[in-house]
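Structure provided below as structure tokens; questions to follow.
Note that the chains are named A, B, C and D in the order they appear, and that numbering of residues resets to 1 at the start of each chain.
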């Protein structure tokens, strides 16, 4: 399965850079049943990584308890316009996706 | 032993203490609503909707990019904020979804059956109509809502919608006004906006279509009306019918002037 | 101690079964993901799994969350630590079947802050553990999840 | 033909240009013809689905009157209609109080009567959607009055049982334009279910009265 779209916005706040990222993912808990009564298997993002100018600054591990179509906000120290931000994720089936952008 | 008992009593009391005594329900639910709106994934669906707008489909194999939403063929900027409105080529008032359906039939040459087969999607697969609507609506961000009010048919639609809003029927004798007619009322713990008054409906019409967190789906105003009638225990409103467009016209005119701030995120 | 080990083994066993079923492919194992902590079924076990069982209460951890959530499918939680030198934050939903919802490491260049949306099955305490200078701190906040009406 | 429409609509715009502002925020006064138009539109723009048939858009005398008078009919119009409906309530013989515990489950359940409900599933009373009842249930609606201590205040006399049962069966027999659904009359709830709800409201052991 290919990964759905991702969106990221990095904006300069007061003293920090606000990074907001949207991810398209089902985040299945493994407890839901489909129309035919079959349990829908666990399927969720496990790892989230934020890089600033190529250097990892946030490393996250998450569970199936994160809501469907996850939204995360992070804050980076200082930062300036044009700084490169990359956010990526990896799910429990090995699917991965990433998005890049510059601080605006 | 006594201490344990006392502890038990204290716990039971705490559990029985009504929530209202502890927290301001209105303030806290509004805070939840505000926080979910700040972290809205609605934008993800706008991207998919834009792809569909540009996708060649139907017997004529053309995209919807030539569709006239009221601002000229292909113009999506600020189009949603000026709907519903009268369209001379169809000689009727149309809301966004009715107009999109019209374009699917006339531009793309699709049959009504094909285009309207699946207007409401589910959490695993949103409908084409929902994705298109959320994309088009997103192109009106910041534009004050200004539906058509000058043409006789636009005025007629408002007046019809206004009458229908208060019209009681269905197995439980409900009208829209049964739940949305009085201020500060709730169903369970959900506060109900007064839709017949500008102050109650302005923020509503300026945030639909919307992402609903309770089912992780993007939903449109046609769906909102459809699902209200379901819960009002009426028969099913026909998608894009005069009744549904008249209600949307009534609500949008009542709430006009508010800058469009959607697509929103709601419960 | 022995008890813990048995629990850890049991949860490893469960994940082993999932691996066999092909639900979790080995590739996921390449990235760090704390199976013991995420597989734990109570907040104390999560804390043991994270190695933060000795966390002490702190008011310098700020948990922003609504006191009432009208739907448990999306409960926004904003967490920030004002403890100098904070390098990690873990978020637990105590009453969820698997309480640990997330944990984040913050390297130089990031502030110890995260906002995320989580699912909550019922009214529960949200427990946050911060790690700073090799010590652990904890704070909690209750979120009530209500029965929905029909609107929207 | 097109040109004709264009001309017509241009004329319409001109006329509208000097028309009065739309009556935003008002509740329109209806004539009988408006009501006929609304019923005709409902028949055209709604369709039967599942258990929700088109008979539901037909108006009986009570609803027709309420719609016509914006829920405030003159007393002399309302009274005979109320009296007729009161006479039509099929009160069962004997005690009208069933099992409050079953009543509680009914009060909690909002299921039933929508086009997505299956024909043979048990309907609920949806009471908590609009009313406060037991202090243990914090998630209650406020469209209806609070029914907290309903029986504690009123007791369990035969007259009170009869009023409670009847009000649930057909609220409009007591107040023609009541906003409350007619739970028995609409066949949402059966006799036993209404007795159970009556007990939930009146029984001294029910949490409603604790």
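The criterion applied here is as follows: contacts are C-beta pairs under 8 Å (C-beta built on N, C-alpha and C of every residue); 3 or more make two chains touch, one makes a residue touch a chain.
The model shown is predicted, which means the values in this text are computed figures rather than measured ones.
Contact with both subunit C and subunit D is made by B. Think of the whole protein's Cα atoms as having one middle point; the chain whose own Cα middle lies nearest to it is B. Contact count check for A-B and A-C (C-beta pairs in contact): higher for A-C. Subunit A and subunit D have CA centres that are 47 Å apart. Between the Cα centres of subunit A and subunit B there is a gap of 28 Å. Inter-chain centre distance (subunit A to subunit C, centres taken as mean C-alpha positions): 17 Å.
Per-chain Cα centroids separate subunit B from subunit D by 25 Å.
Among the residues of subunit A, those touching two or more other chains are numbered 67-68, 70-71, 73. Multi-chain contact residues, meaning those touching two or more other chains, occur in subunit B at positions 19, 39, 179, 186-189, 192, 213, 216, 231. Multi-chain contact residues of subunit C, defined as those touching 2 or more other chains: 73-75, 78, 115-117, 144, 146-147, 149-150.
Across the complex, subunit D is touched by residues 15-16, 18-20, 86, 88, 91, 149-155, 158-160, 162-164, 166-174, 178-179, 182, 184-189, 192, 196-198, 229-231, 233-238, 241-244, 253-254 of subunit B. Residue ranges of subunit C in contact with subunit B, taken from their complex: 64-71, 73-76, 78, 115-117, 144, 146-152. Of all residues in subunit B, those touching subunit A in their complex are 39-41, 43-44, 47-48, 123-124, 213, 216. Across the complex, subunit C is touched by residues 16, 27, 29-31, 41-42, 46-47, 50, 52, 55-68, 70-77, 90-94 of subunit A. Subunit C makes touch with subunit A in their complex at residues 18, 23-25, 27-28, 31-34, 38, 73-75, 78, 93, 96-98, 100-111, 113-119.
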